[in-house]
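What follows is a set of structures to go through.
You will see subunit A twice below: alongside subunit B first, and alongside subunit C after that.
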Partner chain A sequence: MSTGIDASSSAAGRPTGGLAADPPRRWPAFLRAPGGAAGATMILIVVLLGVFAPLLAPYGPAEQIPNANLLPPSSAHWLGTDEVNRDIFSRLLFGIRVDLMVVFIAVPFGALIGTVIGLVSTMYAFADVIAQRVFDVILAFPVLILAIGVTAAAGPGVTTIIAVIVLAEIPVFGRLARTSLLTVRAMPYVESSQVIGAGNTWLLRKHLLPNSLEPLVVQFGVSMSIAVFIEGAMSFLGLGVRPPQPSLGSLTRDGIRNVWESPAFVVGPLIIVTLLVLGFLLVSQAISATRRV
Partner chain B sequence: MYDSLVDVPIDSVEPTPSLATDWKLGDDGLSLTLNLRDDVKFHSGRDFTSEDVAFSIKTWADPKWTVQFQRTAAAITDFDTTDPHTVVLKFDHKLSNVFDLLDVLPIIDSETFDGLGEGKAYVGTGPFTFESWTPQSELTFAKNADYWGNEPKLDGIEVHIVPDAQSLTSQLRTGQLDLAIGVSNRDVDTLVKTGDFTDTAYEGSERQYYVGTNVTNPALKDVRVRQAIAYALDRERIVADVFQGNGYPIVAPWPKYSPAYDEDINQKYSRDVDKGKALVEEVGNIPTLSLEYSTGSPTYEAIAQIVQANLADIGIKVDLVPNEHPTHIDRLINGKYTALWILDHAYAQWTPSTLAVTAYPFNADKNSSNFVDAKYKKDANAAWEVADGTSPEAVEAYRKVTEDLVENLFLIESNVTWIRIPVSTGVHDLAWTKRSELVLTDTWLDD
Partner chain C sequence: MTSYLLRRVPSAILVLLFASMAIFAVIRLVPGDPATILAGQDASPEALASIRADLGLDQPVLTQYLTWLAGMIRLDPGKSYMIGGDIGGLVRAGLLNTVVLTATALLFAVVLAGLAAIGSVLANRRWLDSVLAGANTLAVALPTFVTGVLFVVVFAVILPILPAGGTPPDGFFSRPGIAFQYLVLPALCLALPSAAALARFLTASLQTELGKPYVTTAQALGIRRRRIVLTQALPNALPATVTVLGLQVGALLGGAVLVEAIFAWPGLGLLIERAISDRDYPLVQALLLLSVLVFVVTQLLTDIVNAVLDPRIRLGGAS
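Entry: the complex of A and B
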């Protein structure tokens, strides 16, 4: 007797025996691509480590342990201890939370503002001119130069990192949204709708936004990975989080300071940064690929 | 590149000859006659004379330059330069630390001074002459074949500016550098273990790390809060973990060989969390304090984090605020810190009166803590205005200054330490001054 799943599988012309290894059809298409699944798994692992940090970490992130100065990795301290006697593994888990908070706040915020500006730009010529010139100015600065400028004005800290990422992402999403909307607006079916009297709001809701989303979603994944990099670079340069708060960038910097003592000090944060950056990139690539199919 | 009139050796406060061969203090303690060497030439070829001494001291005293020891230089009010090889300095008042000034003050060439101000000409009488300067990159010096002292054995010196600590260590390991300044204690230990480097510690040129307090901050106005911080500070741990045992804890700023050193006073604020907590509870309601530190060295950040944990132990919450090093120094000079800060100072290695009239954090007239106190000012000036800086009268005056420092605790000392540098085993006869400057006159290299 066939189940519903068997029926859909048969309809797709696939042998029934292959079902056990394939992801269910109800999963998003990008997760059914090998790269997308791998990327999502990487992100999921890191997110889980961060979310459950208080349960998994043997010590507090700022806890200074007596007589534990720069200890090498051991069963008591999996990644060793740092120069002020803190357990590096515990700091790594809590550092993940800081990075996740930064990327999950800053990138959506930057994407939203950028997209809205891009949208308005396509509707009003005057707004378009102003927005494009402002984007030119922001994009003229490499991200780290922008970061140094913002930090000089606002001081280092998590808020500053978020501000830098938002500022860096607004023109990216603004330009992309504008280009996509203009492309879709020139499509015959949109013009037909306009001819038969469709209003701007209806057009936006029904045609323009849904059909412009694809590149924005792909860019979102890329931006998440770039945001991890920006946090890492800023904290590495001392422009990011303030001690004793850990982040992946500050942990890398601390580890490199003592790399001659033990390379193990820097391995943990580098693995997590790699997982996050690679994970977001694989997912965005998979989204892009599956949309094109 | 530059010489001074006297050299104060690294292990005492008694001067020895340099450009001045001998000297005599006036009976009233208000003048000093220095006989100068007659065989010294500037790098430009011009003879060194007593006029150059007068010019150098007057320049140092000019308030348009930001230099320490300025008050001491300004207290020299008259110069007799009739004899080109003898100079008589006349003082506004007795100066117990005049030889400290004469040790620190470089003899500069008046004819090229404008070029010095513009960063273009560096003309002294020292064993090496200036050759080139590439900002943020490199300095080169050549041997001064006409040097009045021992002829330098090195043909020249190349100074490379390497901003990254890891690159610095790598360049040492690969033999690109013979020695380096600015390597962390831990990396010095690692390099010495390779067998290719020796550990050179600038003993006698001590530095003292401390927690500064802005006493005009409402929370820090009460001396009991400052006492609580002094009790909370884990000096032994800072010496062990941050300086790998290179140094010792202190409460008063003096190194062990100083005439002002007092072991009993150094025990006064040994770490006692209960006493600290009791003082905090007595005062009640202390707001979160900012603790500023320089990003110029990981040492400051490590100490700041230990101090933050120490103060949390007694119930004082602290926010760490990193400053760029130039900003930090600007705040030091102008007393602009909000609450607490971490830094190190020198000047305790000379005559003790020097510290209270010269160093920005301690200057009784105007200091980084904005601490104004008539008794401290009186005691600091009394110690300064003694003719002989090592006399029993001077030592008694230093005791009073020390008492003022420890009673008022506007600066809470942590520990003495000294700079350590890794030096290749192929480098010999390296020396340094009390000012933490390398002396390479007699240095030679293996073939």
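Entry: the complex of A and C
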């Protein structure tokens, strides 16, 4: 959506062809805002570290190294070693993978289900009543309390984290898609199209969907940031990944448990979590800022 | 006002009722028989049967739900399986600590947000706005467990000036100075995300108010900017901010679980964490329902306060 706006505005701004083809023109608008570029870079760094973890990590995530108990950072162990002789840097790289999986599977899944429910509920009054009541009940649980409830029933694990995020995102996207579609439907240009004889399908495809899905893109970034928080918080509380699997949250927990013996332990996980949540938030702020201009 | 209450209160009760069903149903889905968990794998069938009768597990599910709900309403949530003792007593033991922590955090959030928003509007300096916007983004983005751990590392381990956790040994009220030292890190850590959300909202509503015609009139009359902001714009910006404050209570409830875990603060958050790891389901159920109750009631109160402040809401349509 943002790329569409960008393409049309630049096409209108100057004629295409010839020598005018400068590369930044093809970048989406939000990347040209300083916050957006910084955010995208942060996410990219973490994603690359996670994707190439098996190549970059000097040790396995659960590999125990003889005579390396709670070592401070050194050239052999960049972030030191933990209380059961594992290399923290390697565990951190593999821990990123859990978060990437959780974020890039759960958020799109929850967003898709929520959006579809939201759009359907604008068409049928009965579906709307049911959906709104169900959303009310889910939203009556603060997100971490919801996580505790789901974990009490399903037990800790990566699937539970994904379930919590999907469940938490459905009402958010459901409500947003619904209000956004209703707002767009009341716009004068939609009425004008109807007056000059536009069909329903054409209206939906050409006007309603593209314009009502725009706010969802901004929410998507915020939700990614919240998903990293949910994974971290759940694993930090022992409701998330099961040991010995590392994740950003479980590494923070291990770090704070050993903070008196090895204060440097917790630095790595904190930096990566910060890069990830801040990155998603900056990108979504940049998208929403460029949308309004 | 009565008709507004008649619309709003039943819908809140309905949400609570459905939430209580969800909590009860979800905990019933847990694999494994509570009687076996309680008595151990090799208990005799007679012992299991007597435990089941004792817990009411031999009754139909609907009866069990109604008994449980009636107990919760009578403030008699029953006995915990594992930690032992009466759930009411366990909750009362942790309640004061959690209430003091969240109330202090709420106070910090309001003060910080008020200072940031009014300061930014009064100073009207671009550099200050940039600094505040940056701080705001950081406070929103950084998860509570990150700021909490950072606080412990910086203020308790590297510069040992504040306690790393626990509650004040002499209670909160006999020696307030000591109590404050114990409270400041956890409460600040809990307050930051809410402070940021409030500050952002209050700044935006103050700026909207300052663009309105009555402000222009006041300026034309020669009233000072400070006085316009404090006596005219601020009162008008407050009602909408109350709604945001009400929503923040949900964030504080969830955040309290994390903060209590980081700072070893013996409140309801630590209790629920222990209840989960001990698989103490009656205790989990009771605490889940309690937090939903607090959240829903706060939102109801927020709406009522808004309706009192703004006649358009209470006289509005049936939606």
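Rule of thumb we're sticking to: the second predicted complex is superposed on the first by the 264 of 293 C-alpha atoms of A that agree within 3 Å, B and C clash if a C-alpha of one lies under 4 Å from a C-alpha of the other, contacts with A are read in each partner's own complex, and residues count from 1 in each chain.
The rule we apply is simple: a residue touches a chain if its C-beta (ideal position, glycine included) is under 8 Å from a C-beta of that chain, and two chains touch if they have at least 3 such contacts.
What you see is a predicted model, and the numbers here were worked out from it, not measured in a lab.
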For this session: State whether subunit B and subunit C clash or fit side by side on subunit A once the two structures are superposed.
Result: clash
Exercise. In the superposed arrangement, does A:85 touch subunit B (first), subunit C (second), both or neither?
Worked result: first
For this session: Would you sort A:191 into first (subunit B), second (subunit C), both or neither based on which partner it touches?
Result: neither
Exercise. So, A:238: does it touch subunit B (first), subunit C (second), both, or neither?
Worked result: both
Exercise. First (subunit B), second (subunit C), both or neither: which does A:258 touch?
Worked result: first
Problem set entry | Partner chain(s) touched by A:69 [first = subunit B, second = subunit C, both, neither] | first
Exercise. Once the shared chain is lined up, is A:137 touching subunit B (first), subunit C (second), both, or neither of them?
Worked result: second
Problem set entry | Of subunit C and subunit B, partner touching more subunit A residues | C
For this session: Determine, for the stretches 116-124, 278-286 or 332-340 of subunit B, which one clashes with subunit C when the structures are superposed.
Result: 332-340
Exercise. Residue overlap on subunit A between the subunit B contact set and the subunit C contact set?
Worked result: 238, 256, 259-260
Seminar exercise, completed: Note: in the complex, subunit A contacts subunit B through residues 62, 64, 69-70, 83-85, 155-156, 238, 242-244, 256-261
Exercise. Along subunit A, where are the residues that touch subunit C in the complex?
Worked result: 133, 136-137, 140-145, 148-153, 225, 228-229, 232-233, 236-239, 249, 252, 255-256, 259-260, 263, 266, 270, 273-274, 277-278, 281-282, 285
Problem set entry | subunit A-facing residues of subunit C, complex | 11, 14-16, 18-19, 22-23, 26-27, 29-30, 137-138, 140-146, 149-150, 152-153, 157-158, 250-251, 253-255, 257-258, 261-262, 272-273, 276-277, 281, 284, 288, 291-292, 295-296
Exercise. Touching subunit A in the complex: which residues of subunit B?
Worked result: 165-166, 169, 184, 186-187, 190, 240-242, 295, 298, 301-302, 304-306, 308-309, 319-322
